[in-house]
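I am attaching a structure below and will ask some questions about it afterwards.
By written order: A, B, C and D. Residues from 1 in each chain.
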Amino acid sequence: MTTIPDSMRVSVLHAPTDIRIEERPVPTPRPDEVLVQVASVGVCGSDVHYYEHGRIGDFVVNDPLILGHEPSGRIVAVGADVPSERIGQRVSLEPGVPCRHCSQCRRGAYNLCPDIVFFATPPVDGAFSEYVALAADFAYPVPDSMSDDAAALIEPLSVGVWANRKAGTAAGSRLLVTGAGPVGLLVMQVAKAMGAAEVVVSDVDPDRLALARQLGATAVLDPREASPAESGIEVDAFVDCSGAAPAVATGIPVVRGGGAVVLVGMGGEEMTLPISLVQTRELSLTGTFRYANTWPAAIALAANGDVDLDSLVTGHVDLEHAEDSLAPDGAAKHVKIVVRPNGLA
Amino acid sequence: MTTIPDSMRVSVLHAPTDIRIEERPVPTPRPDEVLVQVASVGVCGSDVHYYEHGRIGDFVVNDPLILGHEPSGRIVAVGADVPSERIGQRVSLEPGVPCRHCSQCRRGAYNLCPDIVFFATPPVDGAFSEYVALAADFAYPVPDSMSDDAAALIEPLSVGVWANRKAGTAAGSRLLVTGAGPVGLLVMQVAKAMGAAEVVVSDVDPDRLALARQLGATAVLDPREASPAESGIEVDAFVDCSGAAPAVATGIPVVRGGGAVVLVGMGGEEMTLPISLVQTRELSLTGTFRYANTWPAAIALAANGDVDLDSLVTGHVDLEHAEDSLAPDGAAKHVKIVVRPNGLA
Amino acid sequence: MTTIPDSMRVSVLHAPTDIRIEERPVPTPRPDEVLVQVASVGVCGSDVHYYEHGRIGDFVVNDPLILGHEPSGRIVAVGADVPSERIGQRVSLEPGVPCRHCSQCRRGAYNLCPDIVFFATPPVDGAFSEYVALAADFAYPVPDSMSDDAAALIEPLSVGVWANRKAGTAAGSRLLVTGAGPVGLLVMQVAKAMGAAEVVVSDVDPDRLALARQLGATAVLDPREASPAESGIEVDAFVDCSGAAPAVATGIPVVRGGGAVVLVGMGGEEMTLPISLVQTRELSLTGTFRYANTWPAAIALAANGDVDLDSLVTGHVDLEHAEDSLAPDGAAKHVKIVVRPNGLA
Amino acid sequence: MTTIPDSMRVSVLHAPTDIRIEERPVPTPRPDEVLVQVASVGVCGSDVHYYEHGRIGDFVVNDPLILGHEPSGRIVAVGADVPSERIGQRVSLEPGVPCRHCSQCRRGAYNLCPDIVFFATPPVDGAFSEYVALAADFAYPVPDSMSDDAAALIEPLSVGVWANRKAGTAAGSRLLVTGAGPVGLLVMQVAKAMGAAEVVVSDVDPDRLALARQLGATAVLDPREASPAESGIEVDAFVDCSGAAPAVATGIPVVRGGGAVVLVGMGGEEMTLPISLVQTRELSLTGTFRYANTWPAAIALAANGDVDLDSLVTGHVDLEHAEDSLAPDGAAKHVKIVVRPNGLA
């Protein structure tokens, strides 16, 4: 069994572009928690945004903050109420633990819990850290065949599962996905895994479109060459993963009557929409905010090979070089960078 | 049995504000149709709009058009495939007959049928006419206890039923309804009839707010005095019946996470929305376009006394004076005017 | 503020028909709990069954058990994590607190939690007791206008709300409810409050049928005179509240294609069903097990006067006479008896 | 263009085991119909049952009947309202055309239409015939890459799609499928194509279990060796494709709380079910009756290679030997036999 040290190294954001390696006490798991030695942590656009700007909307980094909310690892200790058999399990971590008492939690929409404690969201620390403690039911065992990186990327895959649930994706569905970053590519892969007939991916970056094709998109689209409408497509659901107003405005007109519009990418506070189309076609427009009850499905999709997570990882850094993964010029050339808090090994 | 004449009087819109009484042949019902002697026709805001402007969006009155799409009457003849027992039935007419063959029709969303034939929508004539022919399954018997006016107003009541279905109204629901015209008042009444706990109605007209209260609203709101947010309400669903952008923008922030936003009132082509709220709260935003499969429920609500339709009628005119009901200054002082093509009786 | 004594009187079932009044320590609320001085407790058929037989299916009264799971009362103390403002609130208690961690809890189906702690279900004590402690979020404030008895009967009313949710009751629905006991009468009342067009209640007891009529049933039926099919009805949903195999078997044939069958009444382990009807009509058959997320809606329905709870109460007893409410001959002549642990007052 | 003859050969069932080849006039398509030269017709268990017994339940072969309801072919003529461009299309035929006017049709549940005209269901003739006429919207184009046999087997594949819709199959679902005949194998394949994590197939025939494995079942089960419960599985949905009461009774106990039970296989009129399990776990039990709105999805699944139809075909016969495909001893050794009314080609 692993010997657990008293202190650990963490990567702390003090101010925009000011990241420091520090020493912190290793947390003691509460009765319903597990202590996890972190293996891999995916770097997300929101981590990059906090690093650059020190805030995302109303969430402001006023105090030093540990980033990272896509972690995997191994359970090394358990709280009093958790079976000790869990020690040693390789796990993927769902990084937000809700209050479990409010009406949103009780109706199953725990992602909307106003008191959720979510990694790397001020003032809650994240996982760029050698160890983290988390509620035991939010640490999910993964099969041996799944890599640590893939176990970490169950988090963005969950975003893809959730978006497809909102989109009503089913066997035979036709989708438009705008934005071929990690989330868009995962939305597309999940749609295919759910039996979608057509998944058209739109982006302005030819490399990302090539990757989309390679991972299963049935068609790709550069909106500078032809808008979705000009491409002649009609879809049952449109999932925006770009957050760009023009992408949303040009995507909506190709959704069939009664279809779905799901806004995953975050843009500004307001957006101007072709609302009479939404009305006369009775489109259902919604957004996604994290996810709920997605981990088991996401793990199954990755374990079965229905979704390819490892191909999305284009770089690794250790904790000391986490900052490299956050600097925009470094991040831009990657699909997904993974931080390894306990070493690259 | 009624003797059916060869010709009938109709009220025809030739150009904006140019309405003429003309003589037309009485239609012969096709095999699957009934011929109805029209009793009452509610006047809708869209009729007023066509009268004033000669168009609504892409629908343009290029050729002479008979207005009126909220009719009731009595079956006086039937097509070859319709049982003759139906002759004599008092009926409420659902004024749009779909193609029955397209994918929208076949999945039950016939209101989204691209080939629907809908009364008083260019180039299809409406019901300001002594007689109309319609598919037999779109002419619904009403009980003797229901007035001709109420049977006509099953149409706007259906809009209210449909809006509440989209809103997910259920026992205990809390709603905000903006706009206390006939549709807003009916959305409110239906919500109450479905067991809603709270229905707050917002309007700037104190008379309409008073009527809202009288018909069952649990609270009313003048947005010039306090916005919904300032009023401290939180709702499960927000139904806009005003089409006004400020009403929509100030209504959305009081919807709880996971709640519904239903846009019934038509405004312009585009609308600027607080989209990050829609996303972070995962609100479901949609519109309504007419209705589908609502007549039986609407008739039951009116017949049971759960909804009061007769109180909405504030004036009657005969066919010769239909124009009075369409002139905006006349229309403005009314909640709902009813045209009686066969005389005021 | 109420002075809380150290000990309290409780009514304890030791063995079938062996009920004794005993003295127990008043419980100390845990951090997330409230302590409630019990006002009214409805007596349920399951209480009667435990009293007579000492078991219900696999649930066996091996150790002394306090019965009663339909309680109302007043908060007299709170745990460390509960705002002290709650002291003094009159509350209705939802009598089952789930684990909040399992997959059923997390998806919102907490009534299916295998570790739920439910009042008066061995080995968990119930509310025939002067005081009870319960999770604060399962104690719901009620308005002053609601009686203590009505606040207690929110529990069976919740059964009625849940059954109607399972039945898909909506505006215009037609239902058959078999069994006009308290639950059947409440299922009927909730259906009416949700806008049902027709609710036919079936029972063999003419007094109960008369009460059903008085409380709003649109028709009543004595199955010994005419089966549902012989009565010529067709319904969208059939809710059995009798648990009697013949009621179920004769109810199913009157459900329209695609309709719902909801089995609320518990009968034996097995039941023979007309399964080819279920198949060829694609009926959805399910049962109800308690309820989830029903209290707010139920309180609203009762507070708005949509459902009449007080009329169901036909007798009161104090704690010392709780046994009178459990003896079958006493219970049979009542619709609903209420126990008042702190005195009849 | 094909020259259409005046008469055609058909295979007619006159009485149990009495099949004769006859000459009939080629039908003339009505205005909304197409005329199809039949290429392949799958033989279904119901065809075999009519051949042996002359009836299925209330459907009795009183007059000579043409069997076969799983046809594909090529459009050779069109009715007046159908675009002539459709001539030449290779099509899969959905073999039941509903009335389009009743409440079931109008709500999208056209499979429950009481007036549906369905191939090979007395008194409606089927497709063991050189030509058939059918409503144009029920003849779906298939891609060139799809074989005639696969185009025919879109019909049983639709049964599989429909069953999975009823089962609520989604990414990550776990299913038990009892009965590994063509329908069971297709239910399994569709579940896998929709992202199911686990699909356990149960049958007593080792060859069918081997085929199930080959086509993607994650596990197989011989119930004579171990019941589902003894196998230690838990599933989200259980789909019975056997119609056998013991299969249903032993399958239900492994369904998790809130899960689905879908009865596809037809057994007797009545069945004894473990009803208290259905109740206390709130299982949703339903059956399937044909399908609605499944063809586009089914064609997409087959065209994408998500489902393998050609591997199910184990034999072909021409029209003269159709009887060989219906004799039980011939049928038993096959998974799926295909009749080729226009020759084996």
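List of remarks:
Criterion: a residue touches a chain if its C-beta (ideal position, glycine included) is under 8 Å from a C-beta of that chain, and two chains touch if they have at least 3 such contacts.
Everything numeric here is computed off the predicted structure, so don't read it as measured data.
The chain pair with the larger count of C-beta pairs in contact, out of B-D and B-C, is B-C.
Where the sister copies chain A and chain B meet, the same residue numbers recur on both sides for over half of the interface positions.
Centroids built from CA atoms put chain C at 40 Å from chain B. We define each chain's centre as the mean of its Cα atoms; on that basis chain B and chain D are separated by 43 Å. In chain C, the positions touching at least two other chains are 107, 109, 296.
By the touch criterion given at the top, residues 32, 100-103, 105-110, 135-137, 292-293, 296 of chain D touch chain B in their complex.
Considering their complex, residues 57, 104, 107, 109, 111-112, 114, 166, 257-258, 263, 266-276, 278-289 of chain A touch chain B. For chain C in complex with chain B, the residues that touch the partner chain are 161, 164-165, 170-172, 190, 193-195, 197-198, 296-301, 303-304, 306.
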